[in-house]
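There are two complexes below, and they share subunit A, which is joined by subunit B in the first and by subunit C in the second.
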Partner chain A sequence: MKIAVLVKEVPDLEALVKVAEGGASVEVEKKRCLSFFDEIAVEAALRAKAARGGSVVAISAGAGTGVEAVRRALAMGADGALLVDDPALGGADSLAVARALAALCRREGFDLVLAGRQATDDEAGLIGPMVAELLGLPCVIGVTALELEDGAARVSRETDRGTEVLRTPLPALLTAEKGLAEPRVPQVMGLMKAMRAQPPKVTLAELGLEAPAPTPVAGYRGPAKRPPVKLLEGEPATVAAELVKSLREEARVL
Partner chain B sequence: MDFRLTEEQEFFRTAVADTVDRLILPRVAEIDEADAIPADLWREFTGLGYLGLRYPEELGGMNADPVTCMLFYEELARGSVGFAQAVIMNMLMGTHFLYRFGSPALRERCLLPALRGDKIATMCFTEDQSGSDLASTRTLAQKVDGGWVLTGTKNWITNGPTADFATVLATTDPAKGMKALNFFLVEKGTAGFRPGQLLHKLGARGPACGELVLEEVFVPEENLLGEEPGKGVAYLGEILNEVRCMTGAMALGMARTAYADGLEYARKRQAFGKPIGEYQLIRAKIAQMATDLEAARLMVYWVAWMIGQGQNPRKEAAMAKMFATEACLKVADEVTRIYGANGFASEYGPQRYFRDARFLLYGGGTHEIIQDFVGREIIRER
Partner chain C sequence: MSIWVLCEARAGGYRPATLELLSQARRLAAAAGGPVVAVAVGDDAGAAQALEGAAHRVVTVQGGHLSPYAADPWVGALGDVLAAEAPRLVLFGEGTRSRELLPRLAARLGAAAFTNALGLEWDGGFLLTRPVYGGKAYQTIRCGEGTCLAAFRPNSFDGGAAPVPETAFGEVQAAAVPNRVEVLEQLPRESRRVPLTEASQVVTGGRGLRAPENLALLEDLADALGGAVGVSRAVVDAGWADHAIQVGKSGKTVSPALYVVAGVSGAVHHTMGMDTAKVVVAINTDPKAPIFAYADYGVVGDALQVLPALTAAVRKTAG
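Our next item is the complex of A and B:
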């Protein structure tokens, strides 16, 4: 079974993010890592390989980014890695990235494509379904359990009404939700080997794609400062009445 | 002069830090409270392949340079001093002489499993009347046909009660002091070899620690770890700098955790309407701690670099161990003050740092011994 995992390199959750004066750009500390849900997808892919045999290839697309993400996947045990690396992907929107990933997946041919539910930087959650649509594959979003059968996959996902169990023919694209698999901590030899890995790179032209027009960003704004805490004191009944009044009239949440 | 780590060292540090964050930090209070190393954590961590770090690749190791090793020790102790102690005993003191002098059979039976974490190793120096004063070692090794008979009691043995094998320091003649010391490998299950009384430590809790008793323990000739009898002290000299530097690196790691907690608390805790970090006296503590940490870091890595260059920085290794450990003690103390009464509650980290820091005072020589040694080296330099 040939498995692809679509991975994204994102700023580490502890990286400092600063919006430039005037909001024209945003500066992010250069601490990069594999996106949280993608790491779960890699783990699920490795387990699928352990159960059914085959290979796992980590794939990323960007302008000079992605190496750290696929290296982490290699350290965890992925068999190979591929990058779409093209300056034209700098500032590209989700659809342009999805087109690049889909073109590479089509060229390689996979029985199963896994991706994270969403990236921890933009949290768009678009890549998985877009790639599925471009490849004409069945797609299940937010998978919490995966069991492979011959030519099909039984997957679970959480809904408001409870757990939904679906069966999809393969090839298919699944996006990983928290709980699907606890990512392993890589072995040190794997890490050091992955550190030196130079994954093969392809350009958009090599995939027969045109350079996308970058998405113009109107501006950036930092999160609002937390308003001061208001402490209510007095008799419980009075305080409760005051609290309800504040929630209704000031916070307007009731 | 170049103070930068190599790209590979930086990557390695990040990898170890990530592993420590994921596996060890969430368990640190549990390790301290139970005074035991959780078996599942030991298995998972040792399964990652770090234990062979300083050994050649043919033994499953990484042949890492001393700076890389120190990065590992520092990061590990940033997570848990107790857990770090257990791991480092298997990686360094507990296996070094076996690696240097063990027969192929002994290496196969003890060293390789220890580097995989399947066997627990330890090193026995201390006795009730000797520790830093190794010349007073009384555990006796008598030559007999085909081997040696060992008799004595070792104390303060980290991993001792759980160890599968021990490198034991013994004298062939107490009257000859330092000139009659040797290392012997003794395996669990050897007749007359047993754990004695357990010690309950104030800090650095986790690995079992206590006595190991040797009552006429026979070991075959090949268990003498050394080319010839009487060279134990010379062999010890091979790793003493590394051991002292390692203790400094552990102190540095632990101090970083304490400092980070103290800093966070100073930024968040409010008093008289503003964060306590806005007050000069708290800022002075932060400045002093940060300065001590940077100085300790420079000393530890400078010594590690010298060892890697093949130098023999005896004095500097002792100084780095002493400085980093004292800095760690000061940081742990100041952080309990920044925390106020919360620093005294077991629900918060500082009380543990305060206890753990004290443990690092003794390993690799007490600071009284180290000061005497460094002072003597300097006085005699002319």
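Our next item is the complex of A and C:
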């Protein structure tokens, strides 16, 4: 069983983000890591391999980014890593990234492709299902349990309406939700080995793709600042009455 | 230059998220020119008459294979309709369906795609706003000339735009597309409440509630407000509640009109999931708790006492 995991390198959740004066650009502290749900996807891939045999390949696309993401996957136990590295992917939109990943997946051929439910930076949830569609694969998003059968996968997921258990034929693309698998902490030896790994890189041209136009960004702004909090203290009943009055008359949300 | 809205039915009518998108579409169409088109597929088309006045055109997409909902046939049907009509914008309310359909449709149509968006304006072109870096910044994108598919968080727009004087209804028969993913089991969530991500009032509790039985205090207030209940990750990790109602980075993102948060410290992983709420009320025993920096109103006190008092006060004004 050949398994691919699509892994994105993102700014750490603690990384400082600063919008430049005038909002033309944004500066992000260079603390990078493997995206939260992708780490879960890597763990699920490793468990699938343990159950059915085969190999796990971590794949990332970016403009000079992605090495940290695939190295983390290697440290966790992935067998190999591949990068699409092309300056034209800097600022490219989701579809361009998905096309690059799909082209590489098509070239390699996989029985199962895993991705994260969404990346922690853009929270878009676009790339996984886009890659599925481009490859013509069935797709289940937000998977919380995975069991492999011969030529099929039995999966669970949570929707707005409740829980579902589904069966999809393989090859398929699944996106990982929290609960699917608890990511292992890599061993020191694995980390050291992964740190030296130089994964093979391909460019968009080598995949037969044209350079995409960058996303037309008009500008950035910081989060809207709330006015200073109005603190209330005292007897619960009195405070509650005061608060409800403010919520009705001042904030107008009741 | 048409603006389409994918309409999702709920309880004999349409999702509030659908109605607010139609409202914003009418507002924009008045400025940009061009019709608003409401599209409803399969079972969601059943209530289409309710869309009279909400759009210039209502397109219902029919076919036996479209009900109950399944992604493959829906992507096929909507893909054909949108390819034929080449709208400028197609708006979706965020939810499991938008997450499943929008990216696949974009890949099929070669369309621009954005999710998790919060704003849409017109200044001679369409400008879309979405959070980036987990909400630490907001990015504005200028939509191009081609088709753009965009999903918006519920409660992003005002529902009150004027209705259109006339609505034309039309039907499209979709070509049959097989569904590759088989449903083995479905366990509908038992809830008398609005879904967490759509609710305009959300009451969230954290570890400060001290014991699982105290989550009932959240339920009581949510009932009084007509809203939904959320929890912090600490509560989920303790096994007091299901991950399905966790608010934050690794859970759900909510954007309600009112967010009441009790016994939650205000870790950035939590606030990333609620920071776009319009009004935030925080209840915490610790006056220095970081959550107060994300709140409009703060009560320094014991959640176990303040929550019931607040429930009583809300019931009193409502009744």
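Throughout what follows, the second predicted complex is superposed on the first by the 233 of 254 C-alpha atoms of A that agree within 3 Å, B and C clash if a C-alpha of one lies under 4 Å from a C-alpha of the other, contacts with A are read in each partner's own complex, and residues count from 1 in each chain.
One rule holds for everything that comes next: a contact is a pair of C-beta atoms (placed from the backbone, for glycine too) under 8 Å apart; a residue touches a chain by one contact, two chains touch by 3 or more.
Note that the structure is a prediction, hence the values are computed from the model and not measured.
Enquirer: After aligning the two structures on subunit A, examine subunit B and subunit C and state clash or fit.
Expert: Aligned through their shared chain, the two binders fit side by side on subunit A.
Enquirer: Of subunit B and subunit C, which one contacts the greater number of residues in subunit A?
Expert: When the residues of subunit A touched by each partner are counted, C comes out ahead.
Enquirer: Between subunit B (first) and subunit C (second), which, if any, makes contact with A:D111: first, second, both or neither?
Expert: Neither: A:D111 stays clear of subunit B and subunit C.
Enquirer: Touching A:D79, do we find subunit B (first), subunit C (second), both, or neither?
Expert: After superposition on chain A, A:D79 lies in contact with neither partner.
Enquirer: Name the contact category of A:R248: first (subunit B only), second (subunit C only), both, or neither.
Expert: It touches subunit C, and subunit B stays clear.
Enquirer: From the overlay on chain A, compute the angle at subunit A's CA centre subtended by subunit B and subunit C, rounding to the nearest 10 degrees.
Expert: It is 120 degrees after superposition, to the nearest 10.
Enquirer: By how many Å are the closest C-alpha atoms of subunit B and subunit C apart after the superposition?
Expert: Nearest C-alpha atoms of the two chains are 5 Å apart.
Enquirer: Touching subunit A in the complex: which residues of subunit B?
Expert: Residue list for subunit B touching subunit A: 8, 11-12, 15-16, 18-19, 22-23, 44, 47-50, 53, 62.
Enquirer: Would you mind writing out the residues of subunit C in touch with subunit A in their complex?
Expert: Listed in rising order, the residues of subunit C that touch subunit A are 71-72, 75, 95-97, 99-100, 102-104, 106-108, 110-116, 127, 130-144, 180-189, 195, 197, 201, 225, 243-244, 249-251, 253, 257-258, 268-269, 272, 275, 278-282, 287, 292-302, 305-306, 308-310, 312-314, 316-317.
Enquirer: Sort out for me which residues of subunit A touch subunit B in the complex.
Expert: 75, 185-189, 191-192, 195
Enquirer: Which residues of subunit A touch subunit C in the complex?
Expert: 11, 13-15, 17, 19, 26, 28, 36-37, 93-95, 98, 120-134, 138-142, 154, 158-169, 178-179, 215-223, 226-227, 229-233, 236-237, 239-241, 243-244, 246-248, 251, 253-254
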